[in-house]
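Shared between the two complexes below is chain A, which has chain B as its partner in the first and chain C in the second.
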Partner chain A sequence: MAALTPGAAAAGSTDPATASPPGPARAHSAHRAGRAALRAGAVLLRRTLVLAALLAVVFTAVEILPGDAATATADRGDSAAAIAARREHLGLDRPLWERFTDWMTALPTGDLGTSARGEKVADLLRDPFPNTLALAGAAFVLTVAASLALGCLAAARPGRRTDRVIGHTATTAFAIPDFVLATGLVLVLSLWTGWLPAVTVADASGKPAEWTMMIMPVLALAIPQTGWNTRIVRAALTDQADAPHVEAARLDGLSTTRVLLRHALPGALPVIATGIATSTGMLLGGAVVVETLFNHPGMGTVLAGAVAGRDTTLIAGSVALAGAAITLVLLAADLVRAKTAGAGR
Partner chain B sequence: MYVNRRQLLIAGGGLGAATLVGCSSRGGGAPAPQSTGGSPKRGGTLRVGALGRAGAITRDPHGTQSNESDYLVLSLVFDTLTVPAGKPNTAPRLAASWEAGPDLRTWRFKIAPGALFHDGGPVTAADVVWSLRRLRNTKSGASRLPGVQADNITADGDGTVVLVSDYPNAELPLLTRLSSFVLKKDTPDNALDKAPGTGPFKLDWYRNGNARLVRNEKWYGGEVLLDAVEITMFETAQAMSNAILAGQIDLASNVGPVAARTAETRKDLRVVRRADDMAMPIVMRAKDGPFADPRVREALRLVVDRDAMVKQVLSGYGTVANDIMGTGDPRYARDIPQRVRNLARAGQLLTEANFDLGKTYDLITTEDIAGLAESATLFANHAREAGIRINVVKQESGKFWDETWQKGTLYTTYWGTNDSVLFLGSKLMVGDAGQNEARFADPAFDDAYRRAVGAADEAGRAAALVEVQKIQHERSGYLLWGMADGIDVATAKVQGLPTLAGYGRVQLQSTWLR
Partner chain C sequence: MTTTATSTDNGAAAPTRPGRRRAARRALPLLVPAALFLAAALAGPWLAPHTIDAPVTATYAAAGDGALLGGDQLGRDVWSRLLHGGGELIGCAFLIGAAVTATAALLGCLAVLRPRAGRILERAADVAILLPSVLGIMLVALAWPDGGRWAVITAAVVLGTPFAVRVVAAAAAPLAAAGYVEAALMRGESSLSITVRELLPNLRGTVTALFGLRFVEAVYIISTAAFLQIGPQPPEADWALMIRENAPGILLNPWAVLAPSAAVALLAITVNLATSALAPRTQAVTSA
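Then we have the complex of A and B:
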């Protein structure tokens, strides 16, 4: 659980350099495309290095925790000799860097290694990873849609009651801890009213048996992040309101909605994209807590158990996949920023 | 880690004590089920929730099962030679009967007539021998079939399996209770997930810890009433509790007291309490250090307020105990007077033993199971009232098992197999026991133990068993204040649920739906 959060934070630290506008408009377009590709490559390389460093941290962190996978998977009656044999079998007697190098070199081939219980990590994550992506993805879409809508609504009525209510609600939503929110949702939407299933039960396909089982976990993830991003959208639009071209549009007598959507919003997009991209890490990190509470068959539950079992390869495999997903979203955010910032010129 | 440490009973094969030599019982081996509502009816699907972790899933019947959900699937699909029961505590299953030679070393198990694998093939002694040897040759084999070498597991014809123990052992059939799952001979390791079993249910599908099982129409153990069992794995008891409260499952296995309190208030739910499920004793190091003097250990036992512990730590879901491990044993010595709180006597003993009341003593505990850390804190309060200063130290589970377990001077532990005084004695209290948590070494205890398992006559063994318990009550390294109930919650329509402690709860072959 702890492993993912710093990971998300590390990978989520967007680099201001990548937001710099593209080259002078008068430069030759092919030349410009070449430089853009080069820069995209550099960004990709940097993100990959961050991910690799993160995985090294994961390996080290598990090593520092007391106990190891051999003791964690042992029966209580096992002798010291049996545990030593198990340690050797799992390769835990080898130096940390050697295990890490072996695991990393196999990674590009798609080999995520073997868990402490002798299962292929890729097999263990095959069903949970898409389930987590579906959950986090749905929460992501909801977050984007809701925070844009609420942020614009608030910005369209600056200082009025709607603005204040949205602002306060957003702050509160962001401040509620995941588990409190989740527990509240279960109480209200399931145990008291019976509207929704309380937990997720998977069927033979490994997916939630009914789609309604997704609603509460998605809400539990999306509500805090919507709170956070609504504030960002609102703040970015306020900044834009003072920009000369927005001012000019307003003076031209265009409607508030039109000014907001056509003139202010495009300029605010880079900031909004960064905020939402950073939320990806929080969404995937929050999935660990939320999936456990709702019994969602995703990677969060795998990861929680893996940390308890000191299962380094399983933890690293989960972090690698989550990290890759976060990296992709951050790259997308970089693209949005590069494009909108360029268009603004 | 948290879950697998609880699987001690699998580790130990979950022995018990009371089997008579030459015991030859009949029947399907079903434990006395709980019956409340009318005559059993055929049909229906039982939806069961059980605890488990996605990262700890294993399909190997002889592997380290740390998931209750996996163990539930395995024990409904595969059969063990014997199963836990009430009185005596071991009942026949795939072994229809057993008998020992006069030396109590050679044991002959007869395979149940008509036992078939799910693919229709008959169960032969060769299959059983292969399976037991496979179990014995796993990394934990020595602790699962203690004293029985792989070479000493042999077939005698098609219908009899012979086990020869390294030493006389009147309890040997109990060793086969919980992990002696029988597979077909030469089942390759990569086909374990689809290997046919012999149990009351056949595997329909299994995925990521969740499974659906369907009735085995040809089960040799009797008619199975349920059409199917659907098992859902839950990471936490809280999620499982929500599932039963919301009607998404029919049975929440081992869900605990928090869920039970809520369920008590609902007419459509029933709480099943299984007594003697979990022991959470305090270990006092007997070999050296401040608790080496038996008078100090007795004083601590006199200091604890047992009723308050059961009421507050277990929310009342438990019973007071008498410092003897193995409270569920049919031959547990109930006539030994119950120890009660006596601060005056405790103070007297501490003075006699020159116990240093000026010092503060660390009591190390973990949050491995619900109530454990709370038991330490409440005990420290009780001790303070007697002038003993105890400081509770909560350790992270991994650190505890590495650094404190079997090494500390004062710490909490827990055990899940509690229906055998002798099993726990052999594991924990005999001088050379592998897991002698308190480093207790008492020649009189060792002698009594040896007579209790190896004396030629039944009367001699019974007398020695009483002695084993008297010594424990008097001076072992354990302060056993109470026993936690195992708690399941079921919907009102579920009938015939097992009421046995520990892994007796997985025996759902007699369960039916009203």
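Then we have the complex of A and C:
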């Protein structure tokens, strides 16, 4: 497998302002704290603006479509007048700009708009979204742990068999679509061996009835992403191995484990954080797909219905929620980067 | 899912001829499976014993008795449908991979030559990262209900390009400072001419690796969309659609689900391994 050096993309994906050294070293500490706060504010503002831009694009795209919620939900044989009345009822006769500002200003208050059937989108998503988030979150934690462990293991034995096996397995793993993996898992772990339930059953509160029902969906999501991130961890550690301070630690005769964990890993963290943060979108999107396979009570079912019913507000609301979740993880990655950059200089 | 960025050569001298030959020998075992699998999938329709819509067995009939892999939910021959089901997926993935790579190669170089355009493209990637591709496909499917395959292709190209641009830009940035590029700029050559004649020839490795990864990504997007019943519609033979349609009968005839699953997985894995073999040795992989 090719040697991996991820520095370039990390530089490409961060704002120069956040990655640059935090001013002259002599600066007063209070002054420095003020600057840090300012920088954090700037990053927060930028991420929020990017999220707003995405929502604007989505909202406009949805508007350009032929047909709207009123015609989509109309019964066959409804007169043009009835559809017009419905359009007025849903507020679709108002200008695009006005509706967009209304929708956007309502978002921070938790109001995601009204679905094509006249229900509150926030109410429709209240129960399923946390379930999807729990699935993606569990897969995220597993991905972080597994890819750090495997990446470090490979980097500790560069060029040896362990390294090659982990490298090829990772490349193989991240190519497999999650729903294909999920199908294979169901067949092996459930239908042939009977170890795990094949279908998720929700209890009275709308959550999966048993935690064992989460195992297969989480594995199906985490395995491909672990493959991808293991390569990033391995590559970032390879980059760090050439850094002068890591070389010095190695020449001092410290153990490989200590050099790796205490000297190389901290410097590699910004790249790793960026890589893992970008997996969030894949995990959330994958969760929606895998849910439909396991009948997990999450967004997958709601969204499948929304596509069939041409319910654009419902999908736009889901995009807003997913975008917000991804923004939070990206902000956390920004934080890791800023902290490492600050401590390193 | 994936994007690469390539960093510059680490100062090593240009590979010597024997070195190159050794690299080619090492890459060969990883390239052959992909070539064989692609050839088999594309030739499949001519080898199929039955048509894709003729019922030849009982519903979910087990393998054997004239049907190599048994029957599906309508008693159609799974083996014949499997042989038919790959061509379109591969064709579409190829189209998406080529479109994204070509657009990204041009825009990525433009981003490096024109910093202002570069900043705009960078912001576009920031926005695109917030939209999970599955949701993006659903949006496009809503926007264009009769689009079928083309709706999915459009979505995949639009969603994939921003990251790919970032990858090319990261690889092209160090080249833009090279003397021959500056000389071309001083001569007053157009950005397009510099891109095509000075930058791209030096980005062969990056662009090849990018195409491979975009192909794998496209396979993911198309098959996921088909699994969500966006794109190919039921009578068609499509691997992802077969997985979904035959899932209820998985215990009666596991092959009806297992065979198309394995086909999708093998397609993605063989191409991905081939890509990793073709990638330049100083390859940098990161997400975008």
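Keep in mind that, in the parts below, the second predicted complex is superposed on the first by the 311 of 345 C-alpha atoms of A that agree within 3 Å, B and C clash if a C-alpha of one lies under 4 Å from a C-alpha of the other, contacts with A are read in each partner's own complex, and residues count from 1 in each chain.
Operating definition for what follows: contacts are C-beta pairs under 8 Å (C-beta built on N, C-alpha and C of every residue); 3 or more make two chains touch, one makes a residue touch a chain.
Bear in mind the structure is a predicted one, so any value in this text is a computation, not a measurement.
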- request: Have a look at where A:Val180 lands relative to chain B and chain C in the superposition and call it first, second, both or neither.
  value: second
Inquiry  = Going by the contact rule set out at the top, does A:Pro217 touch chain B (first), chain C (second), both, or neither?
reply    = neither
(request) Mind working out whether A:Val199 is in touch with chain B, chain C, both or neither, as first, second, both or neither? (result) first
Next on the checklist: Contacts for A:Ala235 in the overlay, against chain B (first) and chain C (second): which applies, first, second, both or neither?
Outcome noted: second
Task: Considering only touches as defined above, state whether A:Asp127 meets chain B (first), chain C (second), both or neither.
output: first
*Check whether A:Thr292 is in contact with chain B, with chain C, with both or with neither, and answer first, second, both or neither.*
both
The chain contacting more residues of chain A, comparing chain B with chain C, is C
I'd like to know which partner A:Ser279 touches here: chain B for first, chain C for second, both or neither. second
For A:Gly113, select first, second, both or neither according to whether it touches chain B, chain C, the two together, or no partner.
neither
Exercise for review: Pick one for A:Gly317: touches chain B only (first), chain C only (second), both, or neither.
Suggested key: neither
The shared contact residues of chain A with chain B and chain C are 65, 67, 186, 191, 292-293, 303-304, 306, 310
So, in the complex, the side of chain A touching chain B is made of residues 65-67, 71-79, 82, 85-86, 89, 115, 117, 119, 124, 127-128, 186, 190-191, 194, 197-199, 201-206, 291-295, 297, 301-306, 308-311, 314
Note: in the complex, chain B contacts chain A through residues 1-2, 4-5, 7-8, 10-12, 53-58, 63-64, 66, 139-140, 142-144, 205, 207-208, 210, 212, 232, 234-236, 238-240, 242-243, 245-246, 248-249, 396-399, 401-403, 427, 434-435
In their shared complex, chain A is touched by residues of chain C numbered 1-8, 10, 122-123, 125-127, 129-135, 138-139, 141-145, 166-167, 169-171, 173, 216, 219-220, 223-224, 227-228, 230, 240, 243, 247, 250-251, 254, 257-258, 261, 264-265, 268-269, 271-273, 276, 279-288
The answer for chain A against chain C in the complex is residues 1-13, 50-51, 53-54, 57-58, 61-62, 64-65, 67, 168, 171-172, 174-177, 179-181, 183-184, 186-187, 191, 224, 228, 231-232, 235, 271, 274-275, 278-279, 281-282, 284-286, 288-289, 292-293, 303-304, 306-307, 310, 312, 315, 318-319, 322-323, 326-327, 330
